[in-house]
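Paired with subunit B in one complex and with subunit C in the other, subunit A is shared by the two complexes that follow.
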Partner chain A sequence: MTVALATLRTAFLEAWSNRRGFWFQVGIMAANDVAWVIFWVLFFRKVGNLRGWDTHKVLLLFAILTTVSGTGLGLLSNSRRLGELIAGGQLDAALALPTNPLTYLLTRRVDTALLGDLAFGPVLFVVAGDPTPERAVVFVFGALCGTVVLVGFLVALGSVTLFAGGRGEQADLGFQAILIFASYPIDVFGGLTKLFLFTAVPAAFVTGLPTSLVSSFRWPVALGALGAAAFFALAAATTFRIGLRRYSSGALWTRV
Partner chain B sequence: MLAISTHELSKDFSAGRGRDRRRLRAVHDITFEVERGERLAYIGPNGAGKSTSIKMLTGILHPTSGEATVLGLVPWTQRRELARRIGTLFGQRSQLWFELTTRQTLHLLSRIYRLDGDDARRRADELAELLDATDLIDQPVRSLSLGQRMRCELAATVLHGPEVLFLDEPTIGLDLIAKQRFREMVVRLNEELGTTVFLTSHDVADIEHVADRVVVINHGTIIYDDQVARMRRSLLQTKLLEVRFEEAPGALAIDGVQVTPESDTVYGLVVDTRRLSVREVLDELLDAYAIADISVVDPPLEQVIAEIYGGRT
Partner chain C sequence: MNALAAQALISARRALHQRGELAVRVAFYAIILVIFSALWSAAAGANGGSISGYDAHSLLWYVAAAEGSVIATKPRMIESIGWDISSGAIVTEMLRPASVVGLRLAAELGEALVRLVCSLAVGGVIVWLYVGQPPSAAGIALFVPASFLAVGCNLAAQHAFAGAAFWLRDARSTWFLYQKLVFLLGGMLLPLEFLPTALADVARALPFASMAYVPARLASGHVEPWLLLVQAAWLAGLLACAGGVFWAGERRLEVVGG
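After this line comes the complex of A and B, so read on.
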């Protein structure tokens, strides 16, 4: 854990080394998030209510989404690039160190722009999420569970490169899909699509369940969120660990 | 005492996709031993299996079959334990953080290797002095030249005092001066700290100036293993001269020299140094002709390897 924090600190220092660029990117992302908030406010002012979702609830979802993406894709930016790193042989540097290569890689790079999300999410919760100490704790719990599911899903997909070769394109597709679905209220989807969002592309666990928990806390839902986080963390760690045996270190060939 | 030992170590990759998928053997049953404190050059042409071997010995790749130990540890099953005791430097990959100073990278590495903070700082300063990088380690890595960066890379590689140093083409891309300095530093680390050196390179000069033993690998198989001094005596028995004459020399014939005209005034000469020295050839040329320019080089490594390969089959 100490090594992970030290690596993350160094990654942050690297992002911070260009301060003007740092604040510019953070500011642009925050402005982009504000534009989304304006969009949702205008949308629900017109529509009123959509399958139980209103402005308040959708802003809560957006607060969780930006917090999750800020943590999972901003602080642990390599989660979405893992397949590409594997294909390019960039695991070598991590494997040459006496540390857990997955933890090292995940904490090795910070995406400055997405730190804007990380700053924006909690602020939006405070402004529009009716914060109470209890709700704040549930918000943090939900965002953490959502982050673990998002990162676990992306790491597992990226690790498929270790088995299937290629350039990690599947991770990029998964990244696009989960973020798009996680951006919308879960109840606008129905039937098989909803099932899909609880299984193949687990967007429901990234924002849907955490939002529902903050709105009205229920233990079964909390346990479901925790269970999903544990499952995806385990799936990611296992897929990566088993796949490492097949790592070919960027050779144009693929390990037999 | 052994630093490295391999026995019939092999590695297969698959190439292509679908129906075109086929198995390729990158390293084939290699067996060798390296004593502690030795400086070994592990050489071969592109695709010979050098990097694959080094990556198996450092635990980065799992072998398809065979056995290996480094400092008594199996690299691919005891990778983390081994990584604390070895240093690995890839000439084409940087371990430094581009936007930060080398000192900041060294600080992180000291945490990763669990070094005491004061000891690590002292060690960083000592290394900076040893590697002539005192002025460099507080500059952002992006502002360093390649040669300067490689000195800092070496500092990062040996910060934790590795017992074995794996260097994979460390001098690639460096200019002559930077290469020379880098070689001197590697030799100094070996002589002063007793670090075992395992070096891969395409540069004959790396082998001549750093290694005391050479292992040649080609098509994944070890085809030569001997002391460098012995290899030089037995195999580097030719020197290549490129001579540019002021005017066409006409018929050019020197006993013990193979002459190849490249144009009317430019000739390539292959001198058999067992029969006569380069100096004798130069004297003869300078006495007989008006010379505009002369360059003397060793035969390329590929040619040496070809000779080794030819001698063994």
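After this line comes the complex of A and C, so read on.
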């Protein structure tokens, strides 16, 4: 844990060393988020209530989404690049260190722009999420569960590169799919698509369940969110560990 | 064959051979279509079948055309052009006996057209299966040249936008802003008729509408051929703008150094 925190601190300081660039990128991402807020406001202004969703609820979803992406993709930036790192031979350097390679890789790099998301999400929750102490606690709980599911899913997909080779395209597609599905109200999807969002691309656990929990807390849903987080954390760690046993080297000169 | 046509052809071939990347992009487009099909069908259903003159049928063809026209260009192109300029890599291109921006545009156009055709083929099948044939045959006939003009406008505008790096030395993250302008004011996420009237009027007067709204408006069954003239005018203006920015930027590099 100490090593992970120290690595994360170093990664953050590295990003912070260019202050002007840091604030510029954070600001740009916040402006990007504002554009999405405008989209949803315009959408619901025309459409009205949509299967129980209105501007208020969708902004809560967006607050959770930006917090989750800020944490899972901003602080743990390599979670989406694991397949690419493996394919590029950059895993070898981590294996030589006296620490867990997965933890090291995940905490090694911070994505400055996505830290803008991490700042924007809680602010949007305060502004549009009717914050009370209880709702704030559930918001943090939901965002943490969503983050673990997102990171776990991406790490598991990235680790497939250890078995299947390639350049991590499957992780890239998974990343795009989960993020975009998580950006929309889950209730607009029906039947098979909804099932898909609870299984193959678990976007429902990233934003759908947390939003539902903050709107109206229910213990079974909370346990479901927690269970999903535990499952994806375990799946990621296991896939990476088993893959590592089969891994020899990503060095380019070892490939025929 | 002149240098620009040869460059476009080589790039198109390269894009066809990068099957993994092409497949990921087309799959991403298909995912977006699935999401928007669900979203707009539900929205139209909740509003008695029609919103601002668009029913679910025309909305889905609108979305497929708007997304397909935009997704054909690389999302982070501004960033990569800006990087080539700020790192000085572009200097080597200035040694060639051909226009730097012309060759770059030709290369991007070749790749983008391959992606456009593949995306629209897949998108057309998905939407057709979901809601049936396009609302108007004449609209689709006009959509075909409009989608090519849309890609041209988008590429020229991105080069003009990224050319600012000759002076700013940094175009990082500005692609986010450009992208959102296309998403909202260009009508990619929402038809411009959904915006408040004043904002919609401003959006129609900007070049972003030529990149998404125009082809989508035509594909959604609104037969308005004069929109092609608007696109052609913007394409000429944006090409001149990109050419002017690169010309001035290259003179600056020659005088001040990279």
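Convention: the second predicted complex is superposed on the first by the 250 of 256 C-alpha atoms of A that agree within 3 Å, B and C clash if a C-alpha of one lies under 4 Å from a C-alpha of the other, contacts with A are read in each partner's own complex, and residues count from 1 in each chain.
Following the convention adopted for this analysis, contacts are C-beta pairs under 8 Å (C-beta built on N, C-alpha and C of every residue); 3 or more make two chains touch, one makes a residue touch a chain.
Everything quoted here is computed from the prediction, not taken from an experiment.
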Would you check which partner chain A:19 touches, where first means subunit B only, second means subunit C only, and both and neither mean what they say? neither
Who does A:43 touch here: subunit B (first), subunit C (second), both, or neither? second
I'd like to know which partner A:172 touches here: subunit B for first, subunit C for second, both or neither. second
Would you pull the subunit A residues touching subunit C in the complex into a rising list? 21, 24-25, 28-29, 31-32, 35, 38-39, 42-43, 46-51, 113, 166-167, 169, 172-173, 176-177, 180-181, 184, 188-190, 193
Residue positions on subunit C within touch of subunit A in the complex are 20-21, 23-24, 27-28, 31-32, 34-35, 38-39, 42-43, 46-47, 51-52, 170, 172-174, 176-177, 179-180, 183-184, 189-190, 194-196
For a test of understanding, state which residues of subunit B touch subunit A in their complex under the given definition. 12-15, 17, 23-24, 26, 51-52, 55, 58-62, 64, 79-81, 83-84, 88, 90, 93, 95, 97-100, 104-105, 107-109, 111-113, 140
Complex contact set, residues of subunit A against subunit B: 2-3, 6-7, 10, 13-14, 17-18, 90-93, 95-99, 165, 244-249, 251-256
